[in-house]
Amino acid sequence: MENLKIKSQILVESLPYIQKFHGKTVVIKFGGSTMKDKESEDSVIKDIVLMKLVGMRPVIVHGGGKDINNMLERLNIEPKFVEGLRVTDKETIEVVEMVLAGKINKNLVNKIQLENAESVGISGKDCRTLMCKKNYANGKDIGYVGMIEKVNNHLLRSLIDNDIIPVVAPIGTDIEGNTYNINADTAASAIAASLKAEKLIYLTDVDGIYRNFPDKDSLISKLTLESAKALLDEGTLTGGMIPKIQNCIESLENGIDNIHMINGNIEHSLLFEIFTDKGIGTMFTQK
Amino acid sequence: MENLKIKSQILVESLPYIQKFHGKTVVIKFGGSTMKDKESEDSVIKDIVLMKLVGMRPVIVHGGGKDINNMLERLNIEPKFVEGLRVTDKETIEVVEMVLAGKINKNLVNKIQLENAESVGISGKDCRTLMCKKNYANGKDIGYVGMIEKVNNHLLRSLIDNDIIPVVAPIGTDIEGNTYNINADTAASAIAASLKAEKLIYLTDVDGIYRNFPDKDSLISKLTLESAKALLDEGTLTGGMIPKIQNCIESLENGIDNIHMINGNIEHSLLFEIFTDKGIGTMFTQK
Amino acid sequence: MENLKIKSQILVESLPYIQKFHGKTVVIKFGGSTMKDKESEDSVIKDIVLMKLVGMRPVIVHGGGKDINNMLERLNIEPKFVEGLRVTDKETIEVVEMVLAGKINKNLVNKIQLENAESVGISGKDCRTLMCKKNYANGKDIGYVGMIEKVNNHLLRSLIDNDIIPVVAPIGTDIEGNTYNINADTAASAIAASLKAEKLIYLTDVDGIYRNFPDKDSLISKLTLESAKALLDEGTLTGGMIPKIQNCIESLENGIDNIHMINGNIEHSLLFEIFTDKGIGTMFTQK
Amino acid sequence: MENLKIKSQILVESLPYIQKFHGKTVVIKFGGSTMKDKESEDSVIKDIVLMKLVGMRPVIVHGGGKDINNMLERLNIEPKFVEGLRVTDKETIEVVEMVLAGKINKNLVNKIQLENAESVGISGKDCRTLMCKKNYANGKDIGYVGMIEKVNNHLLRSLIDNDIIPVVAPIGTDIEGNTYNINADTAASAIAASLKAEKLIYLTDVDGIYRNFPDKDSLISKLTLESAKALLDEGTLTGGMIPKIQNCIESLENGIDNIHMINGNIEHSLLFEIFTDKGIGTMFTQK
Amino acid sequence: MENLKIKSQILVESLPYIQKFHGKTVVIKFGGSTMKDKESEDSVIKDIVLMKLVGMRPVIVHGGGKDINNMLERLNIEPKFVEGLRVTDKETIEVVEMVLAGKINKNLVNKIQLENAESVGISGKDCRTLMCKKNYANGKDIGYVGMIEKVNNHLLRSLIDNDIIPVVAPIGTDIEGNTYNINADTAASAIAASLKAEKLIYLTDVDGIYRNFPDKDSLISKLTLESAKALLDEGTLTGGMIPKIQNCIESLENGIDNIHMINGNIEHSLLFEIFTDKGIGTMFTQK
Amino acid sequence: MENLKIKSQILVESLPYIQKFHGKTVVIKFGGSTMKDKESEDSVIKDIVLMKLVGMRPVIVHGGGKDINNMLERLNIEPKFVEGLRVTDKETIEVVEMVLAGKINKNLVNKIQLENAESVGISGKDCRTLMCKKNYANGKDIGYVGMIEKVNNHLLRSLIDNDIIPVVAPIGTDIEGNTYNINADTAASAIAASLKAEKLIYLTDVDGIYRNFPDKDSLISKLTLESAKALLDEGTLTGGMIPKIQNCIESLENGIDNIHMINGNIEHSLLFEIFTDKGIGTMFTQK
């Protein structure tokens, strides 16, 4: 009976958060190497389905990471380099697409459906959702690596409007039908901007942005566009933090109002983020 | 942090219940004298709004009780009797309607809206929702007491479909425009049957049906139509239990599959009922 | 046969008026003390249902007056005063709400339905239709008297679009759930402005605005915003005329194009107003 | 003022009739030789537009008569006969179609629109509304005279649903694209049956069915299917009455519940029929 | 088998043209005297139905010409003249309307339906599609000849949206219900502009605009607004060419982007125009 | 010019076929090893897009074959056998899914989109489109090979209704989230039955069913359910023919009315099938 009281209390406390985010689109980037283990992934899936059930409209964008590298290795595809930069050649992009759209993507769809929500896995090729051009690195051609030029979001909108959770593999295409690998963080950001999402959440394997990594006390809970830029300019951030913060700055500049970087390996970190005022991890806002 | 974990755990545990009742109509009879205090009423309102937010479609039917008697007394309206039966004359029904539709009804609407859900208070007169004929008691004319002949549910459906919580005062009318007082339990049952509700929940001031009231250990947690009738026929139930069980039997016979009698004065008893397998109080089912 | 000819002739003559107002919203303020007798009220109701049937979209806002005072007296609630101004305290506003929303309102709904049109009675609390703040009188706190800050018209629109005649009790609320009494003329004006009504009709107990009340010959049939202001400034109007003309000036300033003040006690005065070029009473226009 | 009172009284008296026929389809056969003069036709048109405005859904089917004969004469097309029966040959049917669909039809559309209702003139060829086969007379081929086999009513329904008054010329077609002249009374009946019309009204140049034509006192105000057949079998009816009563019997047998034969030359006879209990002319009912 | 290959090849080659014009409205002016024979007309009809089937939305505007003159002659209606200009008097306009709306119009509807597409024939009177004023010629009143003032296109849009091919007779009306004859080329142009048509195609009896008619080699395949005006100003065009080019210039100025003048007597010239890059005849474009 | 005439003639000849199949769903099984070369595949894609453009609603189901075996080989996954039957173990089904849903599927989507039609690639996992149970072979467990128990077609319907061409990988799932490989022919048949498709077309690498394979003259152009069964019972068919004919018999028994087996390596064989009376290959019908 005491348990029931606590339980009810907690459900009732969630009321204002449910109301706040009702009908809002939330784009969640996760998957691939950032997930420590199967349990963490399952916990994230449960959280996403709960978000869906209480009225939010989650969209998942996943990465690849280890699965792709494992497959490339098993297939004895040697990494190629141009002036020190790894090149995604024809053979490689085929494997990348196959693993992202045929394995990781459908695996996530499956897990969501085991929680009794409906899901459809797409790649950015379907309905030409992610239109790209080649992304040169310092002017070098590094192969089929894409930079998003346009998000055609009608397929995503149609799935969302039909109460289906879309799972998106970060594969793009162009008018000539080439296939491109896209950075999953960038894809999530472009999709969130196109859908005018309420929130963009990056599930990573760290707790957020640290002023002095890995000093736990230096975790920053809130950064504005201005303060994030200033922090980057200070030049004191350690390596791993730099691309993360750069990506969030870019997303803010894309017009997304709330970006969260949280640790996907903390059980139910997504729910902490949604159902508490304080949240966890680092939140980026315009001002 | 530990708290957060428990909180998340509880939210996640509610998933299957949310899924089970998503989009289902639940009619809740409560209000009036059964509510011990303002805190109990507020707790019930919070629970109903939570139910709404996680996708259920609650409909409230309320009673009157003490408020009506208070007002009749303040207005020095003497109760009249016909062969020992209290009569609802013209003067009385006007006060009954005024208190039910103008005070209790709008008060509940107000409370729901303070929890940020939309609500509209109607009486059975609006769009002729509750069409009645005179209900004679043992063949005696006891005035404007109605027996429901037909529920015109299009106003209720339209409110529900627009995500509004309807609050219904148990006032009926007939083709000549007479006003009738209707028993709130009966009104709730007729409305639930007409809306093909998933559940009909009676919030009362006892914990359920007791075999030997008030022996706490004799509380019955589940009764089928058949066993409820048998229990009634035994003739061992104490006075207060009899009309309650009769009303539930009638509702089962109206085709409602799940009827719950629970104690509205236990905080969040509604949530216990919805979000646990065992539930609390007494559940009536067809079989 | 001769009768039939006259009848047909009159029906045919109504054609251009029916066409002119087809689909147009007309807000009608009436009820309470302005109605001389039951016959007058019934006649008004019949006119409104006819308006509905030939394609207009009437909305009724009613007042209270005598019924409220009677009830306050019966309940021995002593009027309180602050520096000579009557105060609507907690006890009083509860009675006001009960009488307006529980008695007069449902009574009008009933009468409309007896003419076979559908009607729903609401107060400004339902779906927070009338949001208020406290209306101070010369800086004095006179209790729960409200000034409308916002009309949320989606409930009204939804009822109108479903061919239902809304009847509105002039009760408002605020974000904290307080209850306010609102002047019915002001409520009608705010609702008309919010619905962009074609016409706002005040049914009163005089024939319109008189230059020299009660000299019948001094009845003014048309006033523009400018001429109404000028007339008020002249300072020659008798007491009763002043608040009426002030209210119409305010409604014009709210953007309503056609405002009519007519005598509700003249049988079918509403139809005269709608179905003749000349109309009766006083018409206010922008120019 | 006295006039206004009468006027309002009459409008209010029309309420129950307006309610009764709201949203109901009424097929009216008129036009051609039955109209005594332009004034009669104008009066009918006004009545039809009034019916439309108060919520009925009129459909007009017109005949041809004199206009067709005049044109045939002017074009020196000699009538042909086969064993005493007039034959509608190729040359004749072209003139018939031209006059019906190009002159009378558009003329009626024009008149309706001058009363500010929207109208579209169609022939039974448009969207193959009236599909025919050749109608032999006593086994003789009398040319392009059609018997309706099927009414494709989707064009009519679409016009009606868009608040447009359809005017139908009684021209039919078949799968090979032949053109047929159809008896206008029969066409009206087939269309009414297909649209499940509430009423079928024949505007003629007599006051109804007379037992002993032209004895005014022998006018019959009501005939059931059974009594109409009996009357026909008596063999006492004069010539002109016989095809009229036969046609009404056939319409009843097509499943139309209410058929009225009234004199279109009595001003506003249509309104008398709709807006009085007694009606004028002869009414045919199933029972 | 070889035939099948060619056939398939041709169907596949039509793909890009089908895609280009999918869902686009194409207004086609044809009919009347420009059609050499029945075979040419049938061929045009087949082409139009094919256009409809592969997703275009054709609208036909037809002329009258010879049929009208024949009928006037047969009816012995003498042409009247005012200062050398032919006058369309009351008697004449009645014949014009009858032939256009009752004969040619329904004849085209019939032919389209024989190819199993749905069609409805309207005149500009229906739903007041073509609103006109009198068109004076050099200041002379030449009778019921209309100049289009406004196209009310909702009837046309509704037909098109319901997959029906509209056939329009160039008859107009005004607010007083007068009937006007309208130049069919002008009517087609006004309708195309109102519907924002992709293309306006004039099917004529010449191959296009010739610099030196009838020198085949001087056929001009493309003219911009500027070059068409310059050509006209040169003053070297022969008589028949001048009104044709003037009409196309006016259509360009109405905002239509693509106007084609092609020879309707070349079998399937419409398909050549739609399904080849080069097209046939003369194309007019803005630039 | 002569070419244009032939071209137009052919387009016009296609009219009746376009009309016949307008709006009809056609399920096409193709892909994988049956396609001789890239040119054949491209030709099929072009044909499908043409079918879509002229109003049909194609759905593609593809197989895998060589691509799967290549990948298994490259990954050094040794085929396993149970009593002579090849087993699809966990490792294998992962590769099968990856190749079908991540490579072949998206490759077809890409090719369709290069022809400017919209396409989405799904597997039977998405929205649980293909629900399976384990398919035992002669009672032996051969791993993740599925037998379809239910087709949930709402995702397919929604894509089709939005003018998108669905491409389906023959991967199924069950309530526990297992992944199954499904025979593509069987998947196409189940999908066609569920969508009540007009036609089911198997594109294979032979010309149809031969009585005496490979004697070209023994090709059978039409088989009814009865004659197909009889032919199978004769026992004279060669090996390759047997599963093909068995599958078509099963599809007929599933209620599909028209099944075609044609050679996908004949250029535009799909168009021959759709746009000629005779068709090519072997057609199976109920009777």
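Letters A, B, C, D, E and F name the chains as they come in the text, with residue numbers starting at 1 for each one.
Here, contacts are C-beta pairs under 8 Å (C-beta built on N, C-alpha and C of every residue); 3 or more make two chains touch, one makes a residue touch a chain.
A quick map from chain label to UniProt name: A, B, C, D, E, F = Acetylglutamate kinase.
What you see is a predicted model, and the numbers here were worked out from it, not measured in a lab.
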Partner chains shared by chain B (Acetylglutamate kinase) and chain E (Acetylglutamate kinase) (touch criterion as defined above): none
Shortest contact path, chain C (Acetylglutamate kinase) to chain E (Acetylglutamate kinase), counted in steps: 2
Taking each chain's C-alpha mean as its centre, the one farthest from chain E (Acetylglutamate kinase): B
Chain centre separation (chain A (Acetylglutamate kinase), chain B (Acetylglutamate kinase); CA means) in Å: 46
Chain D (Acetylglutamate kinase)-chain E (Acetylglutamate kinase) separation of Cα centroids, rounded to whole Å: 36
Chain B (Acetylglutamate kinase) and chain D (Acetylglutamate kinase): spacing of chain centres that average the CA atoms, whole Å: 57
Multi-partner residues of chain D (Acetylglutamate kinase) (each touching 2 or more other chains): none
Chain-level touch network, classified as line, ring, star, complete or other: ring
Chains in cyclic order, anchored at chain C (Acetylglutamate kinase), direction fixed by chain D (Acetylglutamate kinase): C, D, E, F, A, B
Contact set on chain C (Acetylglutamate kinase) toward chain B (Acetylglutamate kinase) in their complex: 74-75, 94, 97-103, 105-106, 109-111, 113-114, 118-123, 125-128, 155, 158, 162, 164, 171, 173, 176-177, 179
Chain D (Acetylglutamate kinase) residues within the chain C (Acetylglutamate kinase) interface of the complex: 4-16, 18-19, 22, 46-47, 49-50, 53-55, 115-116, 267-268, 271-272, 275-276, 280
